[in-house]
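Letters A, B, C and D mark the chains in the order given here, with residues in each chain numbered from 1 onward.
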Amino acid sequence: MAGNSFGTIFKLTTFGESHGAAIGGIIDGCPAGLSLNFEAINLEMQRRKPGQSAIVTQRKEADEVKFLSGIFEGKTTGTPIGFTIENTDQKSKDYSHIKDIYRPSHADFTYDKKYGVRDYRGGGRSSARETACRVVAGAIAKQLLSEIKINAFVSSVGEIFIDKPYQDLDFSKTENNVVRCPDETSAAKMESLIREMRKNGDTVGGTITCVLQNIPVGLGEPVFDKLHAELGKAMLSINAVKGFEYGSGFCGAKMKGSDHNDIFNPDGTTKSNLSGGIQGGISNGMDIYFRVAFKPVATIMQKQDTIDSAGNKAIAEGKGRHDPCVVPRAVPIVEAMAALVIADFYLLNKISRH
Amino acid sequence: MAGNSFGTIFKLTTFGESHGAAIGGIIDGCPAGLSLNFEAINLEMQRRKPGQSAIVTQRKEADEVKFLSGIFEGKTTGTPIGFTIENTDQKSKDYSHIKDIYRPSHADFTYDKKYGVRDYRGGGRSSARETACRVVAGAIAKQLLSEIKINAFVSSVGEIFIDKPYQDLDFSKTENNVVRCPDETSAAKMESLIREMRKNGDTVGGTITCVLQNIPVGLGEPVFDKLHAELGKAMLSINAVKGFEYGSGFCGAKMKGSDHNDIFNPDGTTKSNLSGGIQGGISNGMDIYFRVAFKPVATIMQKQDTIDSAGNKAIAEGKGRHDPCVVPRAVPIVEAMAALVIADFYLLNKISRH
Amino acid sequence: MAGNSFGTIFKLTTFGESHGAAIGGIIDGCPAGLSLNFEAINLEMQRRKPGQSAIVTQRKEADEVKFLSGIFEGKTTGTPIGFTIENTDQKSKDYSHIKDIYRPSHADFTYDKKYGVRDYRGGGRSSARETACRVVAGAIAKQLLSEIKINAFVSSVGEIFIDKPYQDLDFSKTENNVVRCPDETSAAKMESLIREMRKNGDTVGGTITCVLQNIPVGLGEPVFDKLHAELGKAMLSINAVKGFEYGSGFCGAKMKGSDHNDIFNPDGTTKSNLSGGIQGGISNGMDIYFRVAFKPVATIMQKQDTIDSAGNKAIAEGKGRHDPCVVPRAVPIVEAMAALVIADFYLLNKISRH
Amino acid sequence: MAGNSFGTIFKLTTFGESHGAAIGGIIDGCPAGLSLNFEAINLEMQRRKPGQSAIVTQRKEADEVKFLSGIFEGKTTGTPIGFTIENTDQKSKDYSHIKDIYRPSHADFTYDKKYGVRDYRGGGRSSARETACRVVAGAIAKQLLSEIKINAFVSSVGEIFIDKPYQDLDFSKTENNVVRCPDETSAAKMESLIREMRKNGDTVGGTITCVLQNIPVGLGEPVFDKLHAELGKAMLSINAVKGFEYGSGFCGAKMKGSDHNDIFNPDGTTKSNLSGGIQGGISNGMDIYFRVAFKPVATIMQKQDTIDSAGNKAIAEGKGRHDPCVVPRAVPIVEAMAALVIADFYLLNKISRH
């Protein structure tokens, strides 16, 4: 597949650039008969969109989804669900100054070299704008998996980390602050750091932790489509992601087997959960938890030396509206991608046994 | 797809369990006319196989590949390449004692729950035995990409880390020691630790770093099949992998944009390379480097409390032949998976432009 | 895939029902840098749409395509091309009388049984309305394959057949009459028959012949994706199609090998062409010609006994606007599907050889 | 996909040429827990193989399947089923005389042009030898669909046709004669014609009719993967097939809607069945019946003028062992492909509804 579809059964195909007329997608494979809660879908869209607070980008989008098919009298029909989201506030004029310039650590250079043509307005297809479509599909996937709890939150910004295990956090507090960090002390420090970055025209990275609970046993399709491998691909496909780890992650690499193994309880649950809820690439019913690393956004408000498409020296200076830290806005995207992966494996698992 | 195929164009489908008659695979989509060097393929197989040294598992396999089709007079014909590898030394009797037991942190429990039937001999399909097939396909992919240099090595075992950047390492030294670490000082310490684990019947984890050089610009298919997302999925699908990061990775999450951005040189290369050779999900020509985290193998030679399939208490004790540390053996597997990913994107990129 | 995508590289995914807000699709994998001729695309749309003449359905649709992405300054960017087409004249009230009725030989019964929910307005997703999206994508595929000539025409309606081989026909005359038959004598008879059907509130079937010329050698991916097998699947996926044959077709089944074999000329062309331009599932450079059989449309303006969803007796009577013969309107759809198949194989063939 | 896989969930990938060491395949997606009857699988293999009677090719193959994985204690494990079949009687020396010759209406020319390299021994990958692998997979699919009845038979050879509707035939008689025609009168005439062809060193074509009964309602994935479209692709992918029609087929194209529509009975069955058991691309529970047209095999025992790869004149004369009529041997292949298609849709249909 040429990269614009995600999923095997529950499949999302998207289109759209940051400065085109609209973005949108088609969700195929959603089982028929699912009653959709459109307010819940809108809520997810609102969580993602820019202009929500003073710490994120000031671009204003209505971000209203128009469903064009696949839904009749409020229920999915089993036919593909097509949807569009208008780009209403793209301000093309903000980007004319970068027409031939390759901004450092952006996709300008690579898209130009790969395709030989580049929509220079904003990030074009490489912009995070397309993630709005993922959130729509993820919202529907979440409703298919009504029993499953998906909670993502910001676990670090720059060098500020939550210092508690996730089990000590109250997920209901995640939406209470603009950083989406359920630990209030850390949240305050993070917000402070982000405002400082904004003032300096700089950006900073961070990490998101996601916890999936009440997952049925048996999800995952070894050997290549292991559950954690698909989750990893899903998260790594989000803009600015540099790393993924689940369960004990990179720390587990330092450990000994005698310390790392999760011992079974009689009922099949485990006493510890360094496995992160996945063994042999298949869910075992325990919490699935993973962490996603985001680099600092490449668009900074400081001048940078760079080149243009002819190789001449140029200056890159960010204008327009940008995020000092994308991590809070990526929280609903991480949840959406997790929902898409789980939905696909949930359906595939129904046909595993004769 | 139900998990046993990898790739879109250059596609590998595998079969086989650790204790079945044979394992094997089919490579589809390899362009016709490629002259194959069978010695080179065998060399990769030898690198991976057990019984090579005193620090790894003592299971002896000839690991001889039999090519059954798709090759005529030494060249690929464009038709699918089928191959088998016999399992000659599986010692089924070593596993009869675990027939109904769920070994901690193994795939016994999840496979049983998902499929309702479980080949209890060894790890069955969940065993790392199937990775031998990946190495065969990866060896052929490497020959397709003759200009590209793929070098993986062990960068840490337990808490012992190489303390140099990869640019200061001599990759030709990787095969000089059983740990596959090109830094001799670290290699000696790692070997020591592994022997200690072997003596204690314990296991330890580690990490592998992989560097891809001389990569053409333009490989990767955004937005979902970004190059680093596919590399991540490829690595995460290898047994025991818990994490993947590329470029600045999790460290980049702590950085500021002004420090993180890679400034362009006039010729299109970059002064720094925190991007890890990939921008917007597409290769930019700079070195691609990534790190893969392996947990300690779950099969330890110490007694562990566990349960059987009826929920009764049981004891799991490893017998048979096991690895105190799989990381050295995984080096050729990491290279093979990298080669498969690059081969697929290399072919896809040929049809990106009109 | 769950049925709403067509193609491997040049891939079309569609959505939309006859009476939803809009229909549309996403074209993925179209190489970057192709200059699009939008008038040509519109022309194809006009050829397909209803309300063009007195012999076809009177439903009026502007059938205006809105391209939303993937095109910049008139050229394809290599990113997915999203498009929508509004349904402006669906007259939902025409279908309220069939809410629970299963119309004979329609998809009402099967969709209801499969999905448990049915959009009863018109044919919903089963309506031929979605073929408009195929024509959009086919029009773009045609422009990618600018050297290739694709000509379809009506070769029979009811028992009226063209009695000349296609080589004696002038394809430029196909659009000169409403039946899209390039043989004027046959066209007149066909038109007469269709008007009679319209008067009686009945429908009649027919066949379309399609000729592809100037096809490069080498298109097709044996053994399962043979060129004629994909063409067959493409045509059979069009509404009302009951049969497909290529080259000598069903007549060839009566022949002897000594009469059927195509002897080679020194330059690689063949003296005869019963092969229909395809040997071993791969194009050999000669004309590819095939015939597609269309059953009479099931919606007739006569009363028919039927049942409702509870199994009670009911009467089905067509109201609304219907076609006495869909075959003329299907000509651009057949061409569009042929273009999609050829485009996909054209791109795949570029990576067949090392 | 590059043509060597068939199916989405129940997926077969094959490899192997007529004169390579072996042929084989991997069946992925077969649900776990299915008890396999190996004798039944062997029986299907025996039905297909050459050397069974005086009217078919004299090549002798043991055609013994070796299952290498995916089956444990007689049941499928849900892991991929790998299998090989040795080529034991290929007589490579029979083909050395055609090393550079393009035999008329064979795949020699097209494979050489597409791949630039050609395994000239026999038909290589284009030979019907690979269909043995389809029969293995189809035999397993049949066992998954134990309630469904799949019966194919020869309905015509040359100009000799069965003149009864299939409902008047006794399928149990199909295996009673070498032609696999359940109508004894027609069978005798067909056998006579084939013997005559053999004597003359000529070949003749024919058709196979296949009837699927006891099919559940709801199989098929519109709009592109309609049940009849997938069946058509499946049949057209078999060697020598030139046409496919289902239900009323090409005859339906001559009919009027008032005569063609199938009226419902109160219980959902239909009084007539010109629909061929499929409406809107989805099965409606009635018999699915279709007809497949086979051209006469291109390998005849008469001299033919042809060219070699340099364009020089040459003579093609069939040596080795050939079939005067492949149609009887194709009967189990048609059944196998039907089983594969139905199995795939059967599994997909399980996840259509919430």
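Basically, contacts are C-beta pairs under 8 Å (C-beta built on N, C-alpha and C of every residue); 3 or more make two chains touch, one makes a residue touch a chain.
Here is each chain with its UniProt name: A, B, C, D = Chorismate synthase.
Predicted, not measured: the structure shown is a model, and the values here were computed from it.
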Between A-C and A-D, the pair with more C-beta contacts: A-C
Identity of the chain that, by mean CA position, is farthest from chain C: B
Centre distance in Å when chain A and chain D are each reduced to the mean of their C-alpha atoms: 46
Where chain A and chain C are represented by their mean Cα positions, the distance between them in whole Å: 39
Contacts with 2+ other chains: residues of chain B: 1-5, 8-9, 14, 29, 32-33, 76, 78-79, 114-116, 125, 348, 352-353
For the chain B and chain A complex, residues of the former touching the latter: 1-6, 8, 14, 102, 104-107, 109-111, 113-116, 123, 125-126, 130, 156, 158-159, 197, 202-207, 217-218, 220-226, 228-230, 232-234, 236-237, 242-250, 252-258, 260-268, 270, 274-276, 278-284, 293-300, 302, 304-307, 311-313, 348-349, 352-353
Chain C contact footprint on chain B (complex, rising order): 8-9, 29, 31-34, 76, 78-79, 144, 347-348, 350-354
Residue ranges of chain A in contact with chain C within the complex: 1-5, 8-9, 11, 13-17, 20-26, 28-29, 32-33, 66-70, 72, 75-82, 84, 114-119, 124-125
